[in-house]
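Quick one: structure below, then a few questions.
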């Protein structure tokens, strides 16, 4: 999937808004994805979800003050969507969960061929934590993302967690472990390949 | 991806072996997949896992008496792999879990380009139960299958469960609920489309 | 389990605030718990979480405007805590997830004997959905609640979901299915028994 | 609580049978539990599940050759049950899953007061892996064990996993990390306290 240009959007589900002033470990993992995607001719934009008023709900627009509709529009415009989440208590964050709930509306937002707005888009997961929980975060996000129409290429996650009961933040690691770099590279290569194919050859009608 | 012929293998993770003589609800769900796949020019074979001596372990061959190597060979030969499981306690069965553990060996069984034997294959999930648990079964199976290299097309599951605390078996339903037929149709159309694309355009090197 | 008086607090994690004006299915399940607990000499208060500004974070007080500290105080004053959540996409809601994240602070809020404020309190789960997901909701909530110090009596969940792909709301059922009433009764009896015992006989030092 | 003698049984869900001759990392974690329980006047016996022919199924006796009935008898005789599992693919092993399926039969094996054989018994989880997955293993085991009647005291798990993508076995660590020792100590103290209380004050009728 050669020189086709693709776009990605990364949703950072950290609990901290930018105004907190502290860097986000999830953002550091997204940096890795951005660099790998760029090499593959795919530009990535980022949304720090905690900076926006995304109202609870399962519709595409929850009314006055809801900032989801614009984020939704940008997701629909992208070829690849990266769900980023810190690990808390071994689970995805409430912030990324909210966004998945909002995408539940895709289920009834199909075209004349029965296809959701997410059909043909490829999802990736980026998750980091002090310790344990990345596999479960990816399991929950994969299932929710696939339920609302996203495709998954092999090894669709970039993750890091420390040893059990560890307290080191990913953002404070001196260097990126080689296993992490390799995993992000593989995930990006596969996602870009699949997204390119699906863009050129969209899913047929599912009616 | 038009008239390209594809093959599928369905792994039935029911706890009952064929010798028990009773039909399997998971098998009835697989019947639906087989019919849909056939319309799409994809033939499906079936393995009732409980009929075989699949030894516990995480290697490709656990030695004397282990019947996994032959099943593994058939999986590697297929384009689409369907992981079938009954729901017990809201979770996938121990029988399908064992097979996933055996596929863990794919991680170190890569070609010169770093690709597992499962790269380019598309996974589907088929799961049924008396009540509640299908989403979690698909979450666990999606994550394990994706970890060992399978791709997922949108809505990659066909499932049925009864109302909370229900006791009806899927095999005993008078007729297939329309929602189930629709879901299996969508899952099959998307999986076949993706498997065809990936067969013609394999994932590039991930080294 | 005599006449000792106990108190319970139910956290309703519905996505809808009271101002939406529509009844909550989760609330109907909590009605059942309230009635059973009352028979057992346990009074239950309710917090509709979406009515409050509970800031994202993992501390006990996230500063200006954060309404968590008062809810936290009420949780710490109760003997039994009921985590209520609708099922969305087979998973717990973002609203109840946020509250669990805030309780993560219990981990470092221990007394001189190493015991969290939740030690000796018993947790229950109440969850409802149109379809499938209750077992997984309880699994995630059990783990998170237990990690932050709550105890669980047998069968610690009251749940209802409809048949696969159903669309009926629990609040619209003509009558409560007998299995649901029975489950809530059992859950309440066991939780009250355990909470009474632990109140009289607190956990010893874990240092 | 005091000097009451209690008994525990640990179910080791490693994929390797004893005849493999290699030590089990899960066993090393169980050693820690055994030592802590002994200090609390609780003796622990161990069952290495892979050494037995535990047939797939959800009944208490699956017929000729099934070695579950004897293990079941020993579980029912114990006050505390420890579910031990290695982490594979971020999930519990197929071997421990099988045992949980067999305990599903407890649901219909109630006394005249509606209580399962597991009522009053306290469950613990012991899990280890090269990397990531312990929280999810405990979530799944907590839910399954609680569904079949076990109680959970606070912090009911002892676990260790290495850093993301690590490959070190727990059995090969030079020394036990202090966090692990502390967690096992806390889990044991709380479980013994609760099991003692519930033995002296059994759950009342739930009919």
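Going in written order, the chains are labelled A, B, C and D, and every chain counts its residues from 1.
Note that in this section contacts are C-beta pairs under 8 Å (C-beta built on N, C-alpha and C of every residue); 3 or more make two chains touch, one makes a residue touch a chain.
Just so it is clear, the model here is predicted, and its values are computed rather than measured.
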Listed by label, which chains are in contact with chain B and with chain D?
A, C
Is the number of contacting C-beta pairs greater for A-D or for A-B?
A-B
Rounded Å distance, chain A centre to chain B centre (Cα mean):
25
Distance from the mean Cα position of chain C to that of chain A, given in whole angstrom:
30
Using the average of all C-alpha atoms in each chain as its centre, how far is it in Å between chain A and chain D?
36
Out of chain C, which residues touch more than one other chain, so two or more?
89-91, 135-136, 139-140, 143, 147
Show me the residue ranges of chain A that touch chain C in the complex, using the header's touch definition.
15-16, 50, 56-58, 88-95, 97-98, 100-101, 104, 140, 143-144, 147-148
Please output the residues of chain C touching chain D within their complex, sorted ascending.
1, 114, 116, 118-119, 135-136, 138-140, 142-143, 146-147, 149-157, 185-186, 189-190, 193-194, 197-198, 201, 203-206
Taking the touch rule as given, give the residues of chain C at its contact with chain B in the complex, in rising order.
89-91, 131-136, 139, 159-166, 177, 179-180, 183
